[in-house]
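The data blocks that follow each hold one structure.
Next, two complexes with subunit A in common: one pairs it with subunit B, the other with subunit C.
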Partner chain A sequence: MADDILLDLLHSEIVQYVVGNNDNMKDEDLSTLEYIGFSTGYRIIERLTKEMPRFKDELDTMKFICTDFWSAVYKKQIDNLRTNHQGVYVLQDNVFRFLSRLSNGKQYLEVAPRYVTFTCGVIRGSLANLNIQCLVTAEVQSLPSCKFHIQVQRT
Partner chain B sequence: MTVHNIYIFDKQGSLLFYQEWNRLKNSGMTREEEAKLMYGMLFSLKSFVNKISPLDTKEGFLYYKTSKYTLHYLETPSGLKFVLNTDNHSQGVRDLLHQIYKEIFVEYVVKNPLCSLNEPIQSELFKTKLDAYIKQSSVYLTKSM
Partner chain C sequence: MAVCAAIVGKENSPKFFCCVNPDEELNFQYKVLSSLDIIEEKLNPTNKPGTEIKELYLGMLYSLETCKIYGYVTNTKIKFIIVVDSSNLQLRDNEIRSMFSKIHSEYADMVSNPFYTPGEPITSKLFASSIKNIITGTV
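Right, the complex of A and B next:
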């Protein structure tokens, strides 16, 4: 469908733009990209949850992220959700959409962080609007699979 | 029936990709020289066919055949050129070329932000997908006769 490819291409152009604006090449600054993701996630959650009841607890919210939210944005569900019940969640996507065209192995591994940062921001923004403050990092060992680590900040 | 090799050229005529499967005879020159010759010949054939045609051509040059092999040619509206050499018994190669363009090239080169469009294709994923696609196609069924 046309709207899928639009998101894919726009996303890769945004990545290109942000990376191109970096002056020093050895330490890439992807915080702009993360912030773009954050505000996108913060806003999209209003639209996705307008018909939904309130969530029971944190785990319920995470399940929503893994199923409904992921299907809406990435057209598939998260393949694996794990948690230690103390505020750490690991979401694993075996064929992550923004990595699926790049490679299926180790090629391009060093630039993979560029293509997952936006999504880290989207997750953080969505959870922030659902009253969960957290840190989101991503880990890519072998493309196209990707793990998102969510660490909830308790106050 | 068998597939010999494939060339992909961009609209400026530089070689983006080459791969061979059952190629028994080498041209005895470097890949770059061979690609230039190939492109030059295709360019001439194309304009020759268009000029000599007694009727208005719709698609222009499609393929040529020698006693030993057939060269199939597909040019997209954007000027990309796909060239596939097969033996003389192969059927439906034009569809195959279309599918390669649509399902392999667009998917794994155009949609890959790390592949720039005017340079030789480096992506391993594209290479493996193309190889698998050719090998499962009906044109590739048996070894050369």
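Right, the complex of A and C next:
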């Protein structure tokens, strides 16, 4: 459907724009992209949690991120959620939407961070609005699968 | 219908206040802010597991001689409070509930507005007038 592709196209344009503004070729600065994601996540979560019952705890919130949130944004669910019950969560998506258009294999592995940074920001922003402060990093070992590591900051 | 609606942020700072009769605003602000303690209590039931409220709607917080105060807390810890005149008997629980869910929709739209920074007090006139319409029941 045409409306599904819109986000993909807009996202790749944003990536192009941010990467194009970088002067330093060696060390890419993707923090702008992460911040755009953060404020997107912060705003969208208010709407997505409108019909949801109150979340019991952190794990409950993560499950929401893996199922409802992921389906709303990426039209599929997270394939695997793992946690050590001490504030570290690993979300694995075997066919991550923004990477699924890239050719599989090693060829584009070094530009993959550009395409996952926005999502890291979205996750961080959503959780921040749900009162969970965290660090989100992504790991891409082989396209198109992607792992997001969420590290909750406890005070 | 309701006489006053308020939105209170994450850290209990007032974000928005709307009163049908502006002369009573100070009086209502006092009542609304004092009801925050009861919301806090309802959200953290001490040593009574299983009594947590799963719904976002908290029901009536307390009633005074002149008014009744209802609360609603979103998943993002934004509090909505509605004050209803005690003499108003025909207003049912369901209507309060639907009022809250309309306010929540308005708020979600407000947060999506790129000119609004989340966490700041809401100054939009359009927002104020739609909230007023919701509490006076003209929509």
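Here is the rule we use: the second predicted complex is superposed on the first by the 155 of 155 C-alpha atoms of A that agree within 3 Å, B and C clash if a C-alpha of one lies under 4 Å from a C-alpha of the other, contacts with A are read in each partner's own complex, and residues count from 1 in each chain.
Here is the rule we go by: contacts are C-beta pairs under 8 Å (C-beta built on N, C-alpha and C of every residue); 3 or more make two chains touch, one makes a residue touch a chain.
Note that the coordinates shown come from a computational prediction; the quantities given were computed from them, not determined experimentally.
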item: Partners on subunit A (subunit B, subunit C) - clash or fit; value: fit
item: Partner chain in contact with A:54 - subunit B first, subunit C second, else both or neither; value: second
item: Touched partner set for A:15, first subunit B, second subunit C, both or neither; value: first
item: Contacts of A:43 with subunit B and subunit C, given as first, second, both or neither; value: second
item: Three-chain overlay, vertex subunit A: subunit B-subunit C angle, C-alpha, nearest 10 degrees; value: 130
item: Partner chain(s) touched by A:131 [first = subunit B, second = subunit C, both, neither]; value: second
item: Minimum distance between Cα atoms of subunit B and subunit C in the superposition (Å); value: 27
item: Touching both subunit C and subunit B, counted on subunit A across the two superposed complexes; value: none
item: Residue ranges of subunit A touching subunit B (in the complex, touch as defined); value: 5, 8-9, 12-13, 15-16, 101-105, 107-108, 111, 115
item: Contact footprint of subunit A on subunit C as seen in their complex; value: 10, 52-56, 73-78, 101, 104-105, 107-108, 111-112, 118
item: Residues on subunit A engaged by subunit C in the complex (per definition of touch); value: 42-47, 49-50, 52-56, 129-131
item: Complex interface listing, subunit B residues touching subunit A; value: 107-108, 111-114, 123-125, 128
